[in-house]
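Taking it in order: structure first as structure tokens, then the write-up.
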Amino acid sequence: GVLSSSAVAQSADAAQLTVFAAASMGDVMRDLAPLWKAQGGDAFRTSLAGSSVLARQIQQGAPADVFISANAAWMDLLERDGVILPDTRSDLAANTLVLIARDPKAAPIAPGQDLAAQIDKRLGNGRLAMALVDAVPAGIYGKAALETLGAWPGLAPRIAQADNVRAALALVASGEAPLGIVYATDALAEPRVRVIASFPPGTHPPIRYPVAAVAGGHDAAAGAFLAFLRSPGAAGVLRAHGFLPAPER
Amino acid sequence: MEDWLGPEEWQAVALSLRVAFWATLLSLPPGIAVAYLLARGRFPGRHLLNGLVHLPLILPPVVTGYLLLLTFGTHGPAGALLRDWFGVVLAFRWTGAVLAAAIMAFPLMVRAIRLSIEAVDPKLEQAAGTLGASRPVVFVTVTLPLILPGVLAGAVLSFAKAMGEFGATITFVSNIPGETRTLPSAIYTFLQVPGGEDAALRLVAVSVGIAMGALLASELLAARMARRAAGA
Amino acid sequence: MEDWLGPEEWQAVALSLRVAFWATLLSLPPGIAVAYLLARGRFPGRHLLNGLVHLPLILPPVVTGYLLLLTFGTHGPAGALLRDWFGVVLAFRWTGAVLAAAIMAFPLMVRAIRLSIEAVDPKLEQAAGTLGASRPVVFVTVTLPLILPGVLAGAVLSFAKAMGEFGATITFVSNIPGETRTLPSAIYTFLQVPGGEDAALRLVAVSVGIAMGALLASELLAARMARRAAGA
Amino acid sequence: MNDGVEIALRHTHGDFRLAVDMTAPRGVTALFGRSGAGKTTVVHAVAGLLRPDAGRIAVNGEVLTDTARRVFVPPHRRRLGYVFQEGRLFPHLSVRGNLLYARRVTGKGAAGGEFDRVVGMLGLGGLLARRPATLSGGEKQRVAIGRALLSAPRLLLMDEPLAALDDARKAEILPYLERLRDAADIPVIYVSHSVAEVARLATSVAVLSDGRLVRCGPVADVLSDPSAVRALGVREAGAILTGRVAEHHDDGLTSITVSAGQVILPRVDAPIGSAIRVRIAAQDVMLAREVPNQISALNILPVEVLALRGGGGPGVVVQLGSGTDRLLARITRRSADALALAPGMHCHALIKSMSVARWDVGQQAR
Amino acid sequence: MNDGVEIALRHTHGDFRLAVDMTAPRGVTALFGRSGAGKTTVVHAVAGLLRPDAGRIAVNGEVLTDTARRVFVPPHRRRLGYVFQEGRLFPHLSVRGNLLYARRVTGKGAAGGEFDRVVGMLGLGGLLARRPATLSGGEKQRVAIGRALLSAPRLLLMDEPLAALDDARKAEILPYLERLRDAADIPVIYVSHSVAEVARLATSVAVLSDGRLVRCGPVADVLSDPSAVRALGVREAGAILTGRVAEHHDDGLTSITVSAGQVILPRVDAPIGSAIRVRIAAQDVMLAREVPNQISALNILPVEVLALRGGGGPGVVVQLGSGTDRLLARITRRSADALALAPGMHCHALIKSMSVARWDVGQQAR
């Protein structure tokens, strides 16, 4: 049974659309599927992994038609290498960076308060959970924000870097770290943590999810899918998961 | 049960079983051969071969996956060769997941079998020689039956590792449902999105259940072999 | 050389060595004990113990890391106990990396040692018994010396795995330069950013070099033990 | 009886059934029997390497195994020396390490002088640094003997210890075992296929056949019983004379006073007056009605025919009374007829002194 | 010479040096020597399990090893049957699987009838389904013998094959080996500690001591040579009489015509007229100047004293001419003096018929 049941998946259906999407887009992609189908689209399949992994695979000839990245740098690289179709590139959504605490009764930090000082104070001896500050986008944005706030030199040695945002979230949720810096979308779904501050947009480069069609893929289908992603229905799904509409470039 | 896991999840279970099965089966013959060479061979490149076999253990899985992607990917030299000559495509196919799992599990399998070969008394092999058996025949009729417990141990380690392998697989063949989304990839997918822990936990349970079943079966089989050898 | 790798990278190398060393060393005694129990024990929970030992192999490393976090973290039951009773803190410390590496490598070590124990002729242990040696003494004076090759094999597998372990480590103790940033974590970091391949490759080379050295040393040591046993 | 080893066993191995009740008294008990008779199984049970289905084993009154009372002393607390049928040397230890193993693990064991003595007797001096893998078959067996002897046991189990050794080496080892038996006064259970080998040592003999005990008793009784001839094998039948050393002659011979007179043997290394035992194989005894002259046999004893027992073959076994001792003679039926042998008849037994093998002479066990 | 096994070896194992040049002709060559003398090393070299430092080994003219010409035929192409000193049964195969191994791997090997015959002789019928782990020591040895016999070898190497067996079993196996030797006409190299065991079989004897060959030659010559007594051990000295079966008597005895007259033995299972060999141990021969009357010894042969050889001890070995044969007698110096034995003297040898052990009687090798 095991062997025959999966004969379905024998090989990539020539006409089937394949979307390579950053892992954090997993939920969104799942909720988009019925919507796309309702519009008359054929079933598509999504490969979810870290943006860097997907980007490298696309570089190496992966059968992707559409790439949704959580990281502009990788999309830039693909664009430079000519692996994606630059004309089809746009930003799908935006996100914000928030400070979360484990303590459910933790007082929110009012927009006027000195964020850096508050973090320093509330952290105490604990660690600040972030994604890898040199490698993973959430960490890179977070580091930029802390630098802007002038808190970086003091906090750098007290940061626990996880390999992705979800792991950073888990560090706070499990009580391992009292505070963490994650995306608003992640904080939204974790009941054990509380958002106590948002980083002002100006403290870090804008958080964008670029999307583009991959060269050599099913151009027509990819184009239709990209259009669908910009449709109000898709925007609604994104919003429901906490993403913000991307400002026009 | 059908309700407990969604169809995509069942697909991942089936795929993982398939991948682990083939990875184990296909790596057995080379695993035995390499183990024999390392245990008994006295050729110059021995230490190099030994190092090579251990590489997947030493490297972070992502690196192994990346190297596989560069070698066996669509543009990789070995990948192109396999495709043009044998019509075998590994990149982004479940066959590639088999390769990744097999490579990651290979050092474990080889070590287990090698230890068993080293424990075989060469005097028995000598005795078989005096009875007219050439070296290959000695291997098949004496050495192999005697190392069966080690081969079984190697196979089970390999299977378990193949069921759990994630880093190299997702890096090499990505995470495509029905094609390369194995159980660990599915678990990862759930863990990456808010609120996916429950679903992940269910898959972990399935994965553990399967592997434990295989483990138990192997233990019982080994016990039976031991009993038979003791003459009961 | 100093120029070839930056100070942070040297730090990662030193840390990885330290972690792999301690992970291997500390898991040897429990590894031998568990292997002995599994090979020779006939107690009811045997299959359960066996399954437990194999869990880190079966589970995706991230899951293992997550479970470690829940158990040995500051708020985990075992973590609190260790801190309050022994003053040992694992969370975010290199000691935690040692634990993660040890746990991930444990099934490999146990299997290797167990296979060796199963190859020891119980008749020799019986003979030692008739000469007045109690079971623990028999173990230390007969079984242990006879399984040294297997223990060595287990240690080397364990060391190699500890050098390569990434998923469980970063999930459990995250990536703190100088404290928990092991070689694989550093490599992973480089691989995440476009153009980081060269730096990653340098670290991979260091990692492979170290592990190959350990491997070669273990092979030579094993060959010497074999020669001594053969009486040369 | 509290002395010696009491053995009562019931055990089943597949088709093989063992049912033995016997006592091995102080001294050496020889365990005989054909291949597969159950000898090793009995010894294993005594050593505690086998838990019998049912049974009781006690050494000098101390219960080691009693299935009814659920007593089972583990092997390492039984304090016994076991020479295994198949060597079982520790491959990772040198010959020295093997020999000193018991001392190392128990802190007890033989003292240094004893070590040198055993090493010398067994000819292991040049091998001490070697590993078992490099030893010849006989060398391995000698190390195994030494290892058991040096464990200062209170019970010695020897399973065909000398099978792989040449006669000259046997002749060196047997007197040592004899001294050990007399000095240390420990029970020894000695499995062998050769009566000649153990007749000198043994105080008792037990004969196993198909897992059952067919004969058991003092060595002189069993060996001089013509009905035991079949159980022991024709070549092995013989009897034991007990006597005392009377005189050592200049030409290398020794006179022994036995109950019926004197016998002369090649030099016996025992002081004058010491009690010794001489085994005389049934096949080495000739009978004559008159004392022959001018013959090379030095030993001629007056005997009385007690019984004749024939088998299917051409031979008969004649049981003879010689003073208070018994002798066996195995001759052809034709000769018996020619001599008209009959119970009650008096005649002469001719024993070639040289046919009394050196190691058939032993100091009598107390 | 192209027949038989030519062996020339130089080899060093640590301190041990082997230097042997000998030929084992067709028939059985007995290899004697004390423990550690190098017997197994020689046999290993013949089997191809040892590559000697230097040497040449040829069987019936076919070179198997020649270090000078870099010839080394691997063991599996040497077509030999090897009974190892330590069994080496395949633990994963049943007794039947072990016995049939050679047939399975070579497609050749003994036919079905032979299988039944070997199984019957070795008493393995009830054990065929068992694994070696459950066999007794002697049972293992019997399986090892059967395995080698059933491999249809052109050369048989037997390293103390009967050491673990009782006399009754030996008496069953030896006639089989004898038939094999005569029917298959293959060279056999037979390592043993017991001259009695192989005197019946052996055509030649080679005696090793410390890695060197000290005696080598036809069995009758070596065994009747008083100077070999020391090399073989005192108890083992003896000579071989050759003769023909003359008559089978009703009382179970058989008359044998030898060059000096007749001897009477327990029934010999050979047709009248067949040539046989009788081993007479030196210790079983008495000398008398007159023919005694009324004595149970049936065999009295006229002999001439050829030589007397004394050692340090109280015994002397007397070499006797008996027709065209030679006999050895081992008696005390005291008796020799009493009888005033001297070369050239004529006297009578008394041989107890029963002391000629059954298995010392063998059909003469061609």
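Each chain carries a letter (A, B, C, D and E) given by its place in the written order, and its residues are counted from 1.
Note that a contact is a pair of C-beta atoms (placed from the backbone, for glycine too) under 8 Å apart; a residue touches a chain by one contact, two chains touch by 3 or more.
Since this is a predicted model, take the numbers as computed values, not measurements.
Least step count on the touch graph, subunit C to subunit D: 1.
Common partners of subunit A and subunit D, by the touch rule above, are C. Ranking A-B and B-E by contacting C-beta pairs places A-B first. Of all chains, the one whose Cα centroid sits at the greatest distance from that of subunit E is A. Centroid distances built from C-alpha atoms place A farthest away from subunit D. With each centre defined as the average position of its C-alpha atoms, the distance from subunit B to subunit C rounds to 20 Å. For the pair subunit B and subunit D, the distance between C-alpha centroids works out to 60 Å.
In this assembly, the C-alpha centroid of subunit D lies 26 Å from the C-alpha centroid of subunit E. Between subunit A and subunit E the centroid-to-centroid distance comes to 89 Å (mean Cα coordinates, whole Å). Of all residues in subunit D, those that touch two or more other chains are 14, 86, 130, 134.
Within subunit B, contacts with two or more other chains are made by residues 62, 66, 188, 191, 231. Annotation for subunit A: no residues touch 2 or more other chains.
You'll find the chains touch as A-B, A-C, B-C, B-E, C-D, D-E. Per the touch definition, subunit C reaches subunit D in the complex via residues 123-124, 126-135, 137-138, 141-142, 145-146, 228-231.
Within the complex, the subunit C residues that touch subunit A are 62, 66, 69-70, 73-76, 91-92, 170-171, 173-176, 185, 188-196.
If you check the complex, the residues on subunit A that touch subunit B are 1-3, 5-6, 8-9, 11-12, 18, 20, 23-24, 26-27, 45-49, 53-54, 56-57, 60-63, 164, 166, 185-186, 188-190, 241.
Remark: subunit B residues 47, 50-51, 54-55, 57-63, 66, 107-108, 111-112, 114-116, 118-119, 149-150, 153, 157, 160-161, 163-164, 166-167, 184, 187-188, 191, 200, 204, 207-208, 211-212, 215-216, 219 touch subunit C in the complex. Taken in their complex, subunit D has these residues touching subunit C: 47-49, 74-82, 84, 86, 88, 90-93, 101-102, 104-106, 108, 130-134, 147-148, 151.
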